[in-house]
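Chain naming follows the written order as A, B and C, and within any one chain the residues start at number 1.
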Amino acid sequence: MNHLPQAWGRPRDDVYGTYDRSYLQTSTPNSHTQSPAVTGTSVLAIKFNGGVAMAADKLASYGSLARFTDVKRIRVFDKTTVVGFGGDISDMQYIDRLLDSIDVEENYSSNGNTLNAKNVHTYLAKVLYKRRSKFDPLWNQILVAGFDDDSKPFLSSADLLGTTFSAPHLATGFGAHLAIPILRRLFPEEMPVENIGKEEAVAALRECMKVLFYRDARSLDQYSLAVVTSDGVELKEDEKLEAQSWNFAENIRGYGTQVN
Amino acid sequence: MFRNNYDNDSVTFSPQGRIFQVEYAQEAVKQGSVVVGIVSKTHAVLVGLKRNAEELSSYQKKVIAIDSHMGIAIAGLASDARVLSNFMKQQSLGSRLTYGRAIPLERIVLHIGDRAQTNTQHYGRRPYGVGLLIAGVDDSGPHLFEFQPSGMTQEMVACAIGARSQMARTYLEKNLEQFADCGRDQLIGHGLKALKETLSQDKELTVENTTVGIAGLAREGSVGKIENFKLYDGQDIVPLLEALEAATSGTEAVGAESMEVDS
Amino acid sequence: MKAVENGGTAIGIRCKDGVVLAVEKITTSKLLKPGANKRTATVDRNIGIVSAGLVPDGRHFISRARDEASSWRNIYKGPIPTSALANRLGGYVQAYTLYSSVRPFGVTAIIGGWDPESELLVDGQVGTGPKSGSGGKVEGVKAGGPALYMIEPSGLYWGYHGAATGKGRQAAKAELEKLDLSAGNLSLYDGVKEAARIIFIAHEDSKDKDFELEMTWVSSLDGPTKGRHEEVPTGLLEDAKKAAMRSREREVEDDEDRPKSHDGERMEE
């Protein structure tokens, strides 16, 4: 008799013969989303003294095709929280609608109970984790910025696996590789967030966006920039990288039309 | 057996537009032993009078903690209250799980109100035979709500439901202005005094029959924003009763006077 | 079913640039928290509902309205038009008169909303896409605007310029008719004043009871509420209340001078 757990509850092969599994099988296994379709690239965010700043470019790529160039990937929730999306654009739109319906429900009572950024992040992480557990993930990496229960600046990430991570500066996509080292050099770990000014933080983000535009083939020079402070959210959706210089390009072998 | 032809179920209106089954459920609340609730600017307190079925049995629970920020006091069918309190615990945990937020009181109260209303509109259901006082704190401060079997929920400054609760309400109305600025201990004191008003001549507030629950905003400088819902039962209640004793014996004259007015 | 019309009077006025809802909340106990226990509710963002009758039934009605609005959004990715909401709720209320397993609603509800005239972004919209052609849209078509409906326990509903229900509805209706609302000249701010005045008049019959006046409003996107259904700000509410009380006093004085006024009854015919 086979005592292994794999055999529990099954008819004994030595009595009934091996089970014909073909009766159970449908033609193919069920499958859900295996890869994203139209995607956004990096989102960058950094905490500063009294708030959080976030930036994301406005490109939505279809594979390597730059498909849409006016996509706003930073969404505002309840005038106090911003959510930045990397990854699948239609999943982002779905999540945006989820947040919108929550916002509608939250405003049904006019008393002072509101959801802060931390609450929104907890919720989104739960949604993402639930979907990945159904093997039907929402293909996004999300940054949530705003304030926590103690009105301190809050910045945290959640991804398609339901993983959450928190740090004084965060970036998704290509930015995680290119922008984070820059931000770490500008604002070392041991440097308290209180020492970082708003202008300084925004300037750092702009600098990172420029590096990303030079280096990330799925990026754009137009971007959204949000700054959350206790006064509310200041969202600019028509930012553009200035003073670009592509002079170095002609020295690169294999770039553009070159003779030998 | 029946008062009239319109009280067989909760889906029949009487010609006057009344639903008798709901009114009978309201009677069940009046049969339950009394509970009192009061709010100040900083605290929300629940006070209850527990009963035992017989000499040797234990006392029925009257105040139930739902979450760390809120609790309820019950008057009426305890089993119906348990259904509601379990539901509330689930809702409240659900909010903590999905949002990491303590559920706002108004929201959970409206939720049980909606549930109770459903029972009054469908054949084959009966209204809950229990009244609740819901007290706690959320981001908008301390709150007290009353819940009735009809599904009616109201936010109150002070409230009393259950047997002989009219006496307590009279006390509450008389002292209404004082409540807002009460400290924690004072508020409990008022609650106990209101409760005492409802007692018949031969009864006393004792360690066995008195129960108190209180939640509030945390004092300046303490950890966290709220003072968690704390239940006082059994021996824990002794200091509160002693404080009441000390307060009332000092102002015996006032106490006697108010008794006269009530009767 | 008659007696369900016993709660405090509720009215709605459709003005040219918005809708006002007002309700007389009878204070049943001194122990009630003043200013709490709202009787008007928001559905989606741009619609308000106030009801007279059994309060818990009113809550049920509102919760259904919110579900309808949210399911509309799920399908159409935008806010439900007030007319569509009234239609769906009319159907829902009527269904509760059809079966022996349920009882009808014990409320008459007034639904007021502002449907946006300009084209809204679709929910979840992130960009605008290429601009070419009209996309099937016709220029200059008028859409949206203020809307006011009243639904009875039978499920019957009509659109109104001014609607009243509850105990003092007769007096309120008489006053509403005097306003000549169908001309469409009344401004929202004047509507607020009138609504307060009418609630005070409707309260005359149950003068011995205390009451709170609760008022909400909704305006166009460029109006004071930016297309949202909100409580009337405290300052404005207090002004309207004071004005209402003053005009009430004046009328009482006038009534004493004149032998008797049958205004209300005449209008009713």
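By our rule, a residue touches a chain if its C-beta (ideal position, glycine included) is under 8 Å from a C-beta of that chain, and two chains touch if they have at least 3 such contacts.
These figures come from a predicted structure and were not determined experimentally.
J.: Would you kindly count the fewest steps from chain A to chain C, each step being a jump to a chain that touches the current one?
T.: Counted as steps through touching chains, the separation is 1.
J.: Count the C-beta pairs in contact for A-B and for B-C, then report the pair with the higher count.
T.: More C-beta contacts join the chains of B-C.
J.: Which chain's centre, taken as the mean of its Cα atoms, is farthest from the centre of chain A?
T.: Measuring from the centre of chain A, the most distant chain centre belongs to B.
J.: Approximately how many whole Å separate the CA-defined centres of chain A and chain C?
T.: About 42 Å, centre to centre.
J.: Once you find the CA centre of chain A and the CA centre of chain B, what distance in Å lies between them?
T.: Each chain reduced to its C-alpha mean, chain A and chain B end up 46 Å apart.
J.: Give, as an integer number of Å, the spacing between the C-alpha centres of chain C and chain B.
T.: Centres of chain B and chain C (C-alpha means) sit 34 Å apart.
J.: Which residues of chain A touch chain B once you look at their complex with the stated criterion?
T.: 109, 111-115, 118-119, 122-123, 126, 149
J.: Under the definition above, what is the set of chain C residues touching chain B in their complex?
T.: Residue positions touching the partner: 1-4, 6, 29-33, 36-37, 54-57, 59-60, 63, 96, 100-104, 106.
J.: Show which residues of chain B lie in contact with chain A when the two form their complex.
T.: 97-101, 104, 106-107, 138-140, 225
J.: Which positions of chain B touch chain C when the two form their complex?
T.: 10-13, 15-19, 39, 110, 113-114, 116-118, 120-124, 144, 150-152, 154-159, 169, 172-173, 176
J.: Spell out the residues on chain A that touch chain C in their complex, using ranges where they run on.
T.: It is residues 58, 60, 68, 70-73, 89, 92-94, 96-97, 100-101, 104-105, 107-108, 110 of chain A that touch chain C.
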